[in-house]
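Note that the chains take the letters A, B and C in the order they are written out, and that residue 1 is the start of every chain.
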């Protein structure tokens, strides 16, 4: 250590501190270098908006996959967001603090269950249920949305709880002192104050749902077609990459990387928006 | 006899705001200097300027010179790390590092790696000088966090002494302590001045009158008056000094 | 007709409570289901023998090894980088454009989905660097993936060390690096370890990344360049190919127990740190 000296230590640490950024750039570089040339050679419009995905004859339209990813993700949000926010509100405002302190880490623990397990249970339990009650193959947009919705619950609950806890107690006291009930205080004061944090958690969860791979592969059916009903089988962008990467070569492989680029961009945008929302909340404090 | 510290035109700014303004002061060696004045008068800023601790705050800026044994400690090439070993500091709130008593005391010497052969000796001497040895000699390896406030403060003193400094700076060391602990620390300081130069910031004028040889009165960032304790407390030259000492404000 | 507030309050309590209970029930069901079907399959033999007949019979020992080696490798690489970044951000600079850039990079990295990591690992480590499908490729890719987690938790742990400790250390003549090494890091250690455990948990459950970088060999790995299959991958293959539902459940149960144990350890540690602080 004495050989390097204090200045040396600082330089080394500075270099180390850039490792995350470098990793990001490296990843972006390699993914883009494999995917972008393809996108421009094949044609952006044809790639993004054509519904023909037939690699053996050189057709690479990922429109059905984009639609599928959007449907499944939005479906997941429709299920996971209300449940998650409801749970967060209940745990912070309607229940004694010690209970929340036990339940919150418990839900976070459950986030540790591997996605493949969720997917499997979706196949064994959920798909037959859907098939039996609603018809269709069972492995569907609906199944995917439900499974993903459950998977993102811990994220939404956790961050929403944090946001609600960050609302100053004085806001609540002011409302209660004016004779409002807890529920009235919650939906007229607390939720409004915690709004940006909760929205940020939802957007973050959306990013996770978009990027989920293993569970949707198992449960959404993987048919390459534009869904017309929640009972249709679909293939998301992530599933497309994962399923075909194993044996894809040449142009096909590049197409899959290009799919990765599309996914990358979509999620980057979502994360930046979420980050801005979170920063706004912290700034308000 | 040359003063230990020769301070000329010292001004300290934080983010362009002056906290200390144009201080001229000579600090005699082997004496206790009591630095008095109301809160916010710049006493702590002054003290921390003597071992360059102000630099830890971002946005700090110093003008003027502080000569320690004839050398300006603010010279760009002056060894700051060595300075802090020569000029030790005890803070207002006792901060025992979360380690054993032994490890706390020997922390400073261990940093430079020498004195490895006399560690035990150094720890004992330092704890004795701080009037803490008898109370902890049987439990040197236990956690320092278990000591009482007064004991922790004496531990902080011992920690500083272990570096064998030449100057000891103390920033209101007895402010949180009971009278007995305070008495013990004052007793220690009175004996220490034979080997060290002691500069003591205190809000307690009676304490300054009790143990210091010289006194310096600060008000709103300026040094109003300095001289022997006897003179300052019986015949102060400035009426503001008189007002403060007689308790008319502060 | 306005609904009286007391009614909306009761209604809200009921609805929100039901939603919460539903959530908890579903999550509990999932764990219960897996354990119920999988625990009977679990035995020491299951854990410590090699698979036979493509996994139709035998145990999951090589997968257990793989599931341990990959996270260990990932954590070994990510921890110095992550802690170093955290130390730099807290101790060696002030908030500036540089730190904002670093944080932006970290946040973005955290948001990248695992499939993209899988693609990257494949194209970079497996192909370009010629490491092939191997533990090395897998571990390196996973390290990138868990880096943001370790940076975040380490930064929080380092920030939580009281300023006064640093002040004291400086006043005793320590340099900044000495203060970091002797005072800051030892005190931040529990928080840092929590982050490491979270990273380990994430690596254990990762599937997409591992398939594309470490492959899916059933053999017991003997070197870092060998391909290996983790329990998560094994479970996926068993389940999807319909090879053996029984063994799939057994693998899943082992996985779930392992991940829960690591997470529990991490939270217990974090709670101890919180308690000590207050």
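By definition in this document, a residue touches a chain if its C-beta (ideal position, glycine included) is under 8 Å from a C-beta of that chain, and two chains touch if they have at least 3 such contacts.
The shown structure was predicted, so the numbers you read here are calculated from the model rather than taken from an experiment.
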| item | value |
| --- | --- |
| Touching chain A and also chain B, the following chains | C |
| Farthest chain relative to chain C (centres taken as mean CA coordinates) | B |
| Pair of chains whose C-beta contact count is the highest in the structure | A-C |
| Interchain centroid distance [CA atoms averaged], chain A/chain B, Å | 57 |
| Chain centre separation in whole Å, for chain C relative to chain A (CA means) | 17 |
| Euclidean distance of C-alpha centroids - chain B vs chain C, Å | 49 |
| Multi-partner residues of chain C (each touching 2 or more other chains) | 175 |
| Chain B: positions in contact with at least two other chains | none |
| In the complex, chain B residues that touch chain C | 51, 53, 56, 58, 81-85, 88-89, 91, 93, 95, 97-98, 107-108, 111-112, 156, 159-160, 163 |
| List of chain C residues in touch with chain A within their complex | 5-6, 8-9, 11-13, 15-17, 19-20, 22-24, 26-27, 30-31, 33-34, 80-81, 84-85, 87-89, 92, 101-102, 104-109, 111-120, 122-124, 128, 144, 147-148, 151, 175-177, 201, 204-208, 211-212, 232, 235-236, 239-240, 248, 252, 255-256, 259-260, 262-264, 267 |
| Complex interface listing, chain C residues touching chain B | 94, 162, 164-165, 167-175, 178, 182-183, 187 |
| Of all residues in chain A, those that touch chain C in their complex | 1, 6, 9-10, 12-14, 16-27, 30-31, 34, 82-84, 86-87, 89-91, 94, 103, 105-110, 112-118, 120-121, 123, 125, 150, 153, 157, 180-184, 186-187, 204, 207-208, 210-214, 217-218, 238, 241-242, 245-246, 256-257, 260, 263-264, 267-268, 270-271, 275 |
